[in-house]
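One structure follows; several queries about it will come next.
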Amino acid sequence: MRGVVPPVLTPLTEAGEVDLETLRAHAERLIKAGVDALFVLGSSSEAVFLTRENRRAIITATVEQAAGRVPVIAGVIDATAPRVIEHVADAVECGANGLVATAPYYVRISGTEIANHFRLIHAAAPELPLFAYNIPVSVHTVLDIADVITLAREGVLAGVKDSGGSDSYTRNLCDARDKAGLSDFVVLTGSETTVDMDYLAGVDGVVPGLGNVDPVGYVELARTLAAGDFAEGKKQQARLTELMTITAVGDAPRMGGSAAGVGSFKVALKHLGHFPSLKMFDPHEPFTDEEIEKINAIVDAAQIREP
Amino acid sequence: MRGVVPPVLTPLTEAGEVDLETLRAHAERLIKAGVDALFVLGSSSEAVFLTRENRRAIITATVEQAAGRVPVIAGVIDATAPRVIEHVADAVECGANGLVATAPYYVRISGTEIANHFRLIHAAAPELPLFAYNIPVSVHTVLDIADVITLAREGVLAGVKDSGGSDSYTRNLCDARDKAGLSDFVVLTGSETTVDMDYLAGVDGVVPGLGNVDPVGYVELARTLAAGDFAEGKKQQARLTELMTITAVGDAPRMGGSAAGVGSFKVALKHLGHFPSLKMFDPHEPFTDEEIEKINAIVDAAQIREP
Amino acid sequence: MRGVVPPVLTPLTEAGEVDLETLRAHAERLIKAGVDALFVLGSSSEAVFLTRENRRAIITATVEQAAGRVPVIAGVIDATAPRVIEHVADAVECGANGLVATAPYYVRISGTEIANHFRLIHAAAPELPLFAYNIPVSVHTVLDIADVITLAREGVLAGVKDSGGSDSYTRNLCDARDKAGLSDFVVLTGSETTVDMDYLAGVDGVVPGLGNVDPVGYVELARTLAAGDFAEGKKQQARLTELMTITAVGDAPRMGGSAAGVGSFKVALKHLGHFPSLKMFDPHEPFTDEEIEKINAIVDAAQIREP
Amino acid sequence: MRGVVPPVLTPLTEAGEVDLETLRAHAERLIKAGVDALFVLGSSSEAVFLTRENRRAIITATVEQAAGRVPVIAGVIDATAPRVIEHVADAVECGANGLVATAPYYVRISGTEIANHFRLIHAAAPELPLFAYNIPVSVHTVLDIADVITLAREGVLAGVKDSGGSDSYTRNLCDARDKAGLSDFVVLTGSETTVDMDYLAGVDGVVPGLGNVDPVGYVELARTLAAGDFAEGKKQQARLTELMTITAVGDAPRMGGSAAGVGSFKVALKHLGHFPSLKMFDPHEPFTDEEIEKINAIVDAAQIREP
């Protein structure tokens, strides 16, 4: 669970159904590009729009496609522990190799309660590594670093996926891990545009939504950075950061952040010939034709190499 | 759907299972007190901790108990439309007489997308009145008043339950309803301590969590206010506001807002002899013995009358 | 310090200078309308745009014009105690009858430090009543009610002007005042559109920016409410709430809230013939001609009576 | 204006007066350590607690002490343009070599108005380079990157001091500067613990509050990073990040962030023998003896080298 772990998009048919065939082909492309693991059912997978049946089908298809070549990590994202634990049971049954859970959301919950939330989830599948997902933009709390370290020491957490957006938070989390001597504890960044900076902070890998579009680019970047070549890494990052501007094309305030962001990845994958449809779940607003052309032009300019 | 519509708590056994027998007795007490409807599966019901099976059982038991004497409104609270619509199907099947849904949460969504979210939900059960739940503390967006009025005109929304906490929002919402000539459109406040003020603002009723503890008090208050006697209403409100201080006893930051708030209602109901247990779903922090004594003393001082 | 205390706008010449002559005439109009006090140098006065010289001139002119007929309360708004205390010295020298201060802003400050901030300010002019201004939209903290009561008991605070926008906060503050037996402690609301609701909550008066435009209307409303006639108060409020829609005409996001709000009051006062200019301090964005016409039409429809 | 530009603390006497003698000695120590410029009257200088007389004295003393060896940049921080412009006049008169201003605060202001705010300030002293200070924790808005670039092109802004805390913001700002070909436009980070990361993002220097305590350490770090040696830079950063934990010793919520942060720098400087007093302006809460001992121990462990 180090290196590049793309949060695998969920392709939909034009009718809005999960398109498992395209999902398998997409997973294959990512594996061929050299990614280190696949993370299904994250925010970029539109996970909170999926029914339990959808979720099970997605894990099963991805595990089959991976066929042991890379681990498949499954998001078990839901508002509270009892419902997360239902997803955990599903994920175990469907063969997932690891789990990712957020802090509770919707509810008004304390730090102590958040820590116990992760303990409950881990107890439901102690055999699988559990990663905490720090994503304040969605859950509206920030994981407390001291609590994370405590949970790591207890064996509850195997790592953190950090989408907090704060450079000093990422730095402090990595430092706390190092101070605690938790060399196996994995910190992954969720930020597509600061992978070089975050490796310097001390992360072990990256979970890039944009890695769905340019997996070769991110694999190369992660290897460059893991080898300590930050000057070269910064150059590679610059190309990917430019590609990331596709997420800023969508018309705010008509489109929300999810529609503009994840939506632009689907547009790019359709343009590249990998996705037959750019459909997202309702009620995400669609792009206009003009916006699609802008995204396509940025994608063309990025000269993405296929695996 | 006017007057007092308590958000019915979900009693649990000591083992943490939903206690349907106590739920039925509790619903009976509320009905006898004269409430105008029962709202199950709201935030106060710990709804986002419940599995689909739990939710179905709770609606079924409440509808059976109500036996047509009062309508039963069911929360269909979930992060996104596809999953809300699963709950809608369950609610319809189990006999609910109305639905309550929030804006999407966890996702980053625009105002246009929020309006379409409600359209999708209504289309799934056009025969049932749909109420929008304005609860920014949980979903981190505020319902746009102009959009609410548009949805009311379209027949998508039958009303709003407003837990926004802003006096000028409540006032503006009621004024917008009146200006639009939507006399059937229902505005309910979720605030226990400002019912008199909110009736003056123009609301049609109240959804008081504290009404689980003192339903007679809230029924009396709503009738007094509906009759236009604000001076007397203010007095009755003062006693209930004092009782509401039970929600401030819980030790922050150890306990979150849900544990301290809903938890205190359960403590009160155990003290009054109505609930056998004060258990909430894990990982809510429990009260200390000392805190329980404080809550009990406040309850005793309030001289709650039974129906 | 009960009843209607309008936050007196600061008229500017077309050249952007403080227009003291118009200020005097404006104060005279307010006094003739029957307001209970004048509050100069508040947020609506564009106080944080004013130099010390400006502030001194405004207090002096208003005190002279009031000539003892009504008290003149002066805002001493600044980021920290040492600078607030400079304004306090100026206000004392210029003859102000009371002071209004906010919590510190810009700095990251604790509740304990906020309470001490007010103690320092009061110590600088113990002979003048000091009002705390709860305005989280500007200072980004909320005054703690328990601390307010402590400061009231110590004689540090004579009252609160509450522009917090939360109905339960206003209610809880009034209840806390009553419980503490602080019958002389004054709570004023800063909300133009919920005066009836806030009187029911227990406030002693209102500080309405819109009272600059329609002082007769607010004086009548406050008297009606003080007499306990909430049904009639609600009707009068409805007319003023409709007039308040002038603050929503300004084009967001081009104009900020101050330009759209205070700016619309200046437009109205020019239209009514009281202000020669609708100028605000730079860099507030001006209205377009079309927006000005919209505001004028709303003003005309409100049938404002002159004193 | 590249490299290390410490925000110079304002030493106070035990009586709470600005201690100009210590300020001069402190400036001398920083210059000897090799800093590239001195930034007086920033947030770390408790600038918003200072009277105009204080501010003038501080600039004058620092300019005299610097004696042309390094430029002296003066904060002109205030809520609105008219008052900022008063500080600009003072700064020009006292010999400052550059200016730092924030967006307006306290007021509700739009992006367009923020941009015009900077235009007004620059017009007041077009001969001095003006730096915009991105500090959302204090002003509660974030500088728009597109607007910053526009202002840079117009010659209004010479650079940005970024204390936004967001890694992707810093990255995007540097990228936007590079794309616009604005090679003279300076981006400085205000973050003490991510200097290595921020140099990789593309910043030109750092404004470290902790640089008051360990100026030699930051000068060395900046030179290492400017030379492109990120591996060595990360090591040096780690020592400084450890030293930065002195800012986390203060007891929250009793102490606010300013008292715990800037206060800890003063404790360290007293311990190191450079400041006779650890006094901050009232009403900042003081440290306990135990906290002071903890801070001293961290300082001792850091093995700070004097210039």
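When the chains are written out, they are named A, B, C and D in that same order, and each has its own residue count from 1.
Basically, a contact is a pair of C-beta atoms (placed from the backbone, for glycine too) under 8 Å apart; a residue touches a chain by one contact, two chains touch by 3 or more.
Owing to the predicted nature of the structure, the values given are computational and were not obtained by experimental measurement.
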Which of A-B and B-C has more C-beta pairs touching across its chains: A-B
Interface sides of chain A and chain D: same vs different residues, half threshold: same
Centre-of-Cα separation between chain D and chain B, whole angstrom: 49
Whole-Å gap between the CA centroids of chain B and chain C: 36
Multi-partner residues of chain A (at least 2 other chains): none
Footprint of chain A on chain D - complex, ascending: 165-168, 170-172, 175, 191, 193-194, 196-198, 200-201, 228, 230-231, 234, 238, 241-242
Touch list for chain D against partner chain C, complex: 43, 48-51, 77, 79-83, 86, 105-114, 116-117, 119-120, 137-140, 252-259, 261, 281-285
